[in-house]
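Down below are the structures I want you to see.
Shared between the two complexes below is chain A, which pairs with chain B and chain C, respectively.
Right, the complex of A and B next:
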């Protein structure tokens, strides 16, 4: 992905759609705060609205682009650019049989970013009926790799044997 | 002479003519009246004469009618009296003859009725005997025929019963085999349904057991495997 921003830093922390929406909300809050404060250091504004980690990322980006944090308009422009970048994020919808732990989310997100791109985030929904595995919807495609489907196929193929056992 | 005088003369002449005409008319009218009166008198006389003649004729006719009626009455009385005497004589003769006849008839009827009664009794006796004989014969015939009929009926009934029995047996056999077949089919159908149900239960239980039996790590692995498969599938 070609841009002027080090997007890997931005997207690295954005694993899920929820996190992405939260990040966007933080940027919007920061922008609102910037409108109110015309002068002074905006570092505190960032710390207050973005959270420590994201604020650090933004500061790092500002440093790399040589943007003065006390420069209101430059900072504003930067935030708008970041917002624009984030709006281009791609969503991979996952239906899982469980509520994933943070570790599972982390590992899954890592795989997705490694194999599909940094700008892909996960949108996870729980569906117990799939029993295991996942149903994946991405880029207009829908694939069922759930345990339920696998078992259905097994039972179909082994139907006669099962009936013989019943009899 | 001027015109006025001429006119006056003309008028006078006209008046004269008119008066003469009137005079003539009056005279003729009076004569006519006289004639009418004389005719009227004649008519009255004639009427009187006619009335007189009429009354005379009526009186004469009345007199004549009275005479005729009196004569007829006398004659009728004579005839009646004659017939009455003849009537009483005839009546007496008739009564005598009638009495004699009645006596003769009574004796004849008495004899005839007695003969008739005897004859009736004889005939009745003979008829009774004949009837008894006929009744005897008939009852014997009836008995004989009835016995034959009963025997025939019995044999027919036996045959029919056996045939009906056979038909019923065949029908029962058919229905039984049909029922057996249905029962068998029903049994197979129920068995099939039961097997299907068991299969479904087995399937669902297996799925639930497998799903719940997985650990978090196994779930994670399955998720990654699914993603790998999706990537390979494109």
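Right, the complex of A and C next:
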């Protein structure tokens, strides 16, 4: 992904689709507030809307790009650019039979960012019918590693034995 | 067809519905999808890949069911194929070969064929040599068609195009040929009337009616003529001569325009997409006369185009004219004058039909057209209101009788040899001194006698076994009065 912004720090913090959507919503709120603040209080707005960590990252980006925090037009342009970059994230959809713990999410997200790219986020959905394992869908590819599929295949291959047992 | 999950596991590719625009669904994902491939939605509907862009795939959906954004989509790795077989005869079906009449489920569908195969090349084709009988005097005698010809039926609303087509279908089915009627976006009541009419005439078992109603999905309506052509190709490959009626192609163009505009194609002339010519040409090219494994067989195609206010220079009309082998123009003014069929003999064209005629028929045809030409010119003298001489009066009187001769109101099927004999009797003044109604009455009695009495049929057929029209007239003058007397005696006069 071509990137004029040092947004890798932002992507590091975005592990799931839900977090990404939340972040985009925060940016939208900030944009709306931008022209309501008095001169010099952009920092306060960021802290209020984005949370401490994300606000710090955005301030760092503004500093690196030498944007004056009192120049609302430049700030607006910066936020739009960040918003566009974030909208381009790729989503890796995971169907699991359980609700994943924060540790599972963290580990999975780290592996994904290391191997597939920093701009990939997880979209984890719970589907008890798969019984176990996972179904993974990314960039149009679909792989079913679920327990349900494995059991289906076993039953298909052992169909004759099962019929013999029933008879 | 398998279910969604089976296709998903088989192809291991997934897409998600991003946007729904009536008949076009925009799907993201599906990296290896091909154009014309079938895709299946997790709700059970399926669609046809219309076009592929870097960011999304355009899918033409066949159902009116609303699809939610976010719905998953799977590839099937198959192109759209319809089941075909002799089980389709006598049935009314939609473009997916599902029965829409009240009958039992369709059986006897032995194979599946793609809807968009390439048109046969030159090697598989043969010259058109056999005349195609429509049962309409004016067309068979003056504007002949051939088996394998593509002839456009052109005219405004309510000018008798459907009557002409019905008569043609009756003639062809009674000769044992197969007819495929494609009703494109018609009213369901009209489709039902067509089916009931042919059932009443006892020819529905030789026909397939492929129809979509105006309330069906645009994707399904778009497929109708292609699917009808695929069915026609199946019967052609069985060695049968097939008549394919496409009613009507101007509606088809409008539905295709709707799909193209929804698919954000750049609008061209009259907002039609730039490939509207190709959409129709690839269909017309599949008609013709062919060499098959079972011998020579043809697909005679009669596409219908509706003009607006007599404008022959419309975009779709001129497109269709250029890709067909002629056109029959139904003139509104002639219709209002009471001419049935209201075919304008000078604005109608047949590019291929004349090569199917032998010397006798060609002379007959030339005689008719030159007389009609003379009659048209003479008519202009009447407008001046001046005194007209006896010759002109005689010509005008004869012209009126010829027009009455060609007027066919009742759906009597007239075989070609009978038509030729009747015209020769007329031209030889066998009905001189009689009024138009009497002439018509005796003509229909002759037709009935021809269809029911083998002896009279043989006599009439033998009249056209000459190699020149003058010789035929000579024979008619000798044997005609006796023959007419026999017909009248037989009918109880």
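Everything that follows uses one rule, which is that the second predicted complex is superposed on the first by the 149 of 167 C-alpha atoms of A that agree within 3 Å, B and C clash if a C-alpha of one lies under 4 Å from a C-alpha of the other, contacts with A are read in each partner's own complex, and residues count from 1 in each chain.
In this section, contacts are C-beta pairs under 8 Å (C-beta built on N, C-alpha and C of every residue); 3 or more make two chains touch, one makes a residue touch a chain.
Just so you know, these numbers come straight off a predicted model, no measurement behind them.
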item: Touching partner for A:155 - first (chain B), second (chain C), both, neither; value: first
item: Chain B versus chain C as contact partner of A:115, first or second or both or neither; value: first
item: Which superposed partner A:17 touches (first chain B, second chain C, both, neither); value: neither
item: Chain B versus chain C as contact partner of A:31, first or second or both or neither; value: neither
item: Partner chain in contact with A:145 - chain B first, chain C second, else both or neither; value: first
item: Which of chain B and chain C A:131 touches, first, second, both or neither; value: first
item: Chain B versus chain C as contact partner of A:67, first or second or both or neither; value: neither
item: Touched partner set for A:98, first chain B, second chain C, both or neither; value: first
item: Chain C-contacting residues of chain A that also contact chain B; value: 143
item: Of all residues in chain C, those that touch chain A in their complex; value: 8-9, 11-15, 28-31, 74
item: Chain B contact footprint on chain A (complex, rising order); value: 94, 96-98, 100-101, 103-104, 107-108, 111-112, 115-116, 128, 131-134, 136, 138, 143, 145-148, 151, 155, 159, 162-163, 166-167
item: Chain C contact footprint on chain A (complex, rising order); value: 137, 139-144, 149
item: Parts of chain B lying in touch with chain A, wherever the complex brings them together; value: 195, 198-199, 202-203, 206-208, 210-211, 214, 216, 218-220, 222-227, 229-231, 233
